[in-house]
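When the chains are written out, they are named A, B, C and D in that same order, and each has its own residue count from 1.
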Amino acid sequence: MVQGEFVMTIEEIYKKLRKSFGGTILESDLEVLEPVVGIEPQSIAEVSGFLKNEPDLKFTSLMCLSSVDLDEENLQVVYHLHSMDHNHKIILGVIIPKNAAKIPTVSGVWRTANWHEREAFDLMGVEFEGHPDHRRILCPDDWEGHPLRKDYVVQEMYNGLPVPYPKEEDD
Amino acid sequence: MIQAEYYNIFVKIIDQLAVLDFLPPVWKFILASVIAALVFFHVIAIFALVAIWVERKVAGHIQDRLGPMETGWHGVLQTLADAIKLLIKEDIIAGGIDRRLFVLAPVIVFMTALAVFVVFPVGENFIVSDLNIGILYIVAISTLVVPGIIMAGWSSNNKWSLFGAMRSAAQIVSYEVPVGLAIVCAVMAAGSLSMQTIVESQAGGFWNWFIFSKFPFGFIAFFIYFVASLAEINRTPFDLPEAESEIVAGYMTEYSGMRWSFFFLAEYGNMLAVGAIATTLFLGGWQTPISLLSFIPGPVWFTAKTMFLVFVHIWLRWTLPRLRVDQLMYMCWKVLTPFAFVSIFGIGLWMTF
Amino acid sequence: MQSVNQYFLNIYIAIKSVLIGMSITFRHLFTKSVTVQYPRERLPIPGTSRNLLLNKIEDCIGCDQCVRVCPVNCITMDTIKVFPEDDLGLASDGSKKRLWLPRFDIDMAKCCYCGLCTYPCPTECLIMTDEYEYATYERNDLVFKFTDLDPIQIAELKEKDHIRSMEKEKKKLETAKQAAAKPGKNGGKSGEGT
Amino acid sequence: MPEIKTDDVYIELGKHPKAGFATDDMILQMGPQHPSTHGVLRIECVTDGEIIKKATCHIGYLHRCFEKHAENVMWQGVIPFTDRMDYLASMGQNFSYVITVEKLMGIEVPERAEYMRVITAELQRIASHLMAYGTYGMDIGAFTPFLWAFREREYVLDLFEKLCGARLLYNYMWIGGVSHDVYDGFAEECMSFLDTFERVVFEEFNPILTYNKIFIERTANVGILSPELAIDYGITGPCLRGSGVDWDLRRDDPYSIYDRFDFEVITGKGEMGTVGDCWDRFMVRVLEMIESVKIIRQALQQMPEGPIMNEKIKKVIRVPAGRVYGRTEAPRGELGYYLISDGKGRGPNRLKARSPCFSNLSVLEEISRGCMLADLIAIIGSLDIVLGCVDR
């Protein structure tokens, strides 16, 4: 399975992406441990399709799709890609504002993204445009708020039941 | 009135009791029948108690554990304790179900299990009623279990129950065919439908039993009967109607307590019944295998052979996985039925020449 | 012909595999069972086992490390700083005890038996024992209280601590006031010592 | 297979195009309390008799928001929570988390601790696959192999209990090492277990279940998962290898010291049916246990003396700011942790667990279409999910 000669370093992949997509690939710091390549939100689906189908990239598997509460204003969606054919990796990051957290879906590119995006929507409130089954996945359908946001406050009552763990009374 | 030679053992006993001379013969007959029914009810109940204990112990030891150990010596009273628990449990009848059918279903299932016991030749003179169409009676009565199970499944108003009932009905009705054909083999060999006559025609050592005497056709017929009867009584590997991992508990899903234990009793009663039928038809009934051992009375032989078959049922249950619906039907129609015809043909030739 | 062969082969394989399975299960009917009859026989508990938590309170110096590391917050600890006139003695490893412990509760109903609390304990007074049968009828009975002070003592200590903190507060206020009034001069000596 | 649309499924009563009389599809709620859903999983099946037209998974009944918990505890306090993710393979979960943190901190782990980690992780893989073997047998209707598998699993748990004091949720691998050194006689006990275990697999487990004709009929050619579909759905672990994809992180993306051991990567070969059917996935697990035995044997022989904890690790762990994704081959597939540290907090700023069962379960809807109800059970069992891992 492993074909060492095709392995590309992150710089090479980055350069290739810059050549094909230009400005939608943001300036990224490639010196740190596991660098994240920044992408403009609207072009993530195209970039993903390119990364999957380009013969010398072949990022066939999406390892992980994470949503990150970056700071007060922004959320980030991080895509960990891996190529089983060439055994190289890349990490994409898309920064989106909290108040308009919308991003095109990549579930058409990798079907594993379907559930991961639902999870990101459920727990972090990132909306994925064009997702075939855009529902909550882990929390109940009528749950309020998105628990993994840093400013999340748990609701008091859910369907007539108190939600937070009752505080211990000091004896 | 029934002819004198068919008077069963209970009628004979009551005839000989001087105390009851004031009763007219009809009443004596009715009294004898009631006693017979009660006796067989208790035979089934006690057998079920023992069989459940044996099943649990066998299961335990096969699985490298001990099974029940707490109640009585090695847990012999465990089933009794469970029975008492089941009796005193709350009788739950869920909402939205058809009450009358729901209540009636376990009774029907249990009654059919009970009714077949009438014609088992336990010993030479030990039979409740030696009907001249005994085996036909068994086939006819045992089919009545299907409406009982369908009633249970339908009235429960539960999809799993309905699944179980439909599977069970399909399975029992289909497997009537190989069972019937296998029985025909024995009937052809004996030349009679009477259970007692079938046993008598296998007298004189184990080589005269139909399983060996008409080898290999007798053996094939016995094998087909044994496998198909497993399916008839919903035992593993044909326990699809109550397949726990697929459809929860099948037609018994909504039942609990006493009503559920009736189904349970019926299952063990049926195990005893098919064991007894196989013994009668193919293993020589109460006949001794070799004349040296003829000092052992017939009922002991009959019970021993039946129990061995019941043990094999239990043993198979803890060995095998379960078939799928289509594979079950494949096995019935494409494997067992053709082979049953082959064996009928073979026995027919054998009897001709 | 192929399929006819396959048909008979299938029947043969089915019967054979059933018989193999039956022979294996039959052998197991007579092997020794591996289970034990629990309340009467017990398996030995290895020394490393992690069960009921025990705090040897006379050794506890109230360092709060176990409380901080506990992932499920099952340890509750109150401390009162020791008063100058009291001497609590030394813990077994020689470190000086500087805190009263009016409360050291472990809620075993919450405990997840991870053992993280026993690792940082400097005096090794918080340990996991091999006691594993402590079922109770009340959930509150699972809160194990380890303090060696009786309620009257605790009340006294709390009272004293309250007075001390009030005085400290007062002193601080005074210092601030004096510092505001006369910068550079030390004052408020009368407030010291109770 | 034709695509089934929801409009077709909820078709108006009496207007079914294929039937002359009024028929309707049945919607069957399988779970959350069902014997074969391996926990609390609800599958909404649209069925036509016993044939499944569409099976939609509803998960989240066991959701504890582990990722939110992790943000509020210390770095080492996360480890007990990882135990509880996949409670049948806790060592694997610990392993993945600690190597991710160590990668972020840039520290080395003592040799002896590395060997201990590999040994315990592989023992855990055996225990976990035994559980998969047993419960799969039970799904198919055989009860006895289940308890035999449990018997063998108990020996592994006994070893773990003696080693670290817990039978199920170990908290054994700590950041910078392992919590307990081996006790005297561990190697001998382990070796004797491995010897009997290998014999038991070939003399008992395989004949009674794996090569039983009924079992083969039930599982072969059922739930076929093609390699392309498997990669597309992010299937990992034995399920991916069952589809014939030669991929194992222990060999292809080595972590810890796996590159020192000699073992084979088992792939499904379609021995009894098609490549990628339930039987292949099952068989991959059975054979992987034997490969794990090989690894443990080598590790026990090579294990050096030395410390078991990195001395630089303090009682309060400080992790520099950064992000890292670490992945390991847990018994159920690729388990990844995405960790973000801001360098200030006492715990992770964000932790995302990419659990193998989550991705593996998502393919169910695709491969269960058109199968029978009994096959659905077989497919769920062969995916070997743990709901603690799916829901986190």
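The criterion applied here is as follows: a contact is a pair of C-beta atoms (placed from the backbone, for glycine too) under 8 Å apart; a residue touches a chain by one contact, two chains touch by 3 or more.
Small disclaimer: the values here were computed from a predicted structure and weren't measured.
Asker: Applying the touch definition from the top, give me the chains sitting in contact with each of chain A and chain B.
Answerer: Shared contacts of chain A and chain B: D.
Asker: Measuring between Cα centroids, which chain is at the maximum distance from chain C?
Answerer: Most remote chain from chain C, centroid-wise, comes out as B.
Asker: By the contact definition above, name the pair with the higher C-beta contact count: C-D or B-C.
Answerer: Per the contact counts, C-D leads.
Asker: Between chain C and chain D, what distance separates the C-alpha centroids? Give it in angstrom.
Answerer: Each chain reduced to its C-alpha mean, chain C and chain D end up 31 Å apart.
Asker: So, what's the distance in Å between the C-alpha centres of chain C and chain B?
Answerer: A distance of 59 Å separates the two centres.
Asker: Approximately how many whole Å separate the CA-defined centres of chain A and chain C?
Answerer: Distance between chain centres: 38 Å.
Asker: Averaged over CA atoms, how far is the centre of chain A from the centre of chain D? Could you give it in whole Å?
Answerer: Whole-Å distance between the two chain centres: 23.
Asker: Quick check on chain C: which residues sit in contact with 2+ other chains?
Answerer: 18, 21, 24-25, 28, 34
Asker: List, in ascending order, every residue of chain B touching at least 2 other chains.
Answerer: Within chain B, the residues that touch at least two other chains are 62-65, 318-320.
Asker: Could you tell me which residues belong to chain D and also touch two or more other chains?
Answerer: In chain D, residues 144, 151, 208, 212, 214 touch at least two other chains, as defined above.
Asker: Taking touching chains as linked, do they make an open path (line), a single closed cycle (ring), a hub with spokes (star), an all-linked set (complete), or other?
Answerer: The chain contacts form none of line, ring, star or complete graph.
Asker: Could you list each pair of chains that touch, in label order?
Answerer: Chains touch in the following pairs: A-D, B-C, B-D, C-D.
Asker: Under the definition above, what is the set of chain B residues touching chain C in their complex?
Answerer: Residues in contact with chain C: 58, 60-66, 69, 315-316, 318-320, 335.
Asker: Tell me, which parts of chain D touch chain C in their complex?
Answerer: Going by the criterion above, the answer is residues 69, 73-74, 76-81, 83-84, 144, 151, 154, 161-166, 169, 171, 179-180, 183, 203-204, 207-208, 211-214, 315.
Asker: Given the complex with chain D, which residues does chain A contribute to the contact?
Answerer: 1-2, 32-34, 36, 60-64, 66-69, 78, 80, 84, 87, 91, 110-112, 114-116, 119, 123, 136-140, 147-148
Asker: Provide the residue numbers of chain C that touch chain D in the complex, in ascending order.
Answerer: Residues of chain C touching chain D: 10, 13-14, 16-18, 20-21, 24-25, 28, 34, 46, 48-50, 65, 68-72, 112-116, 119-120, 128.
Asker: Give the list of chain C residues in touch with chain B in this complex.
Answerer: 11, 18, 21-22, 24-26, 28-35, 37
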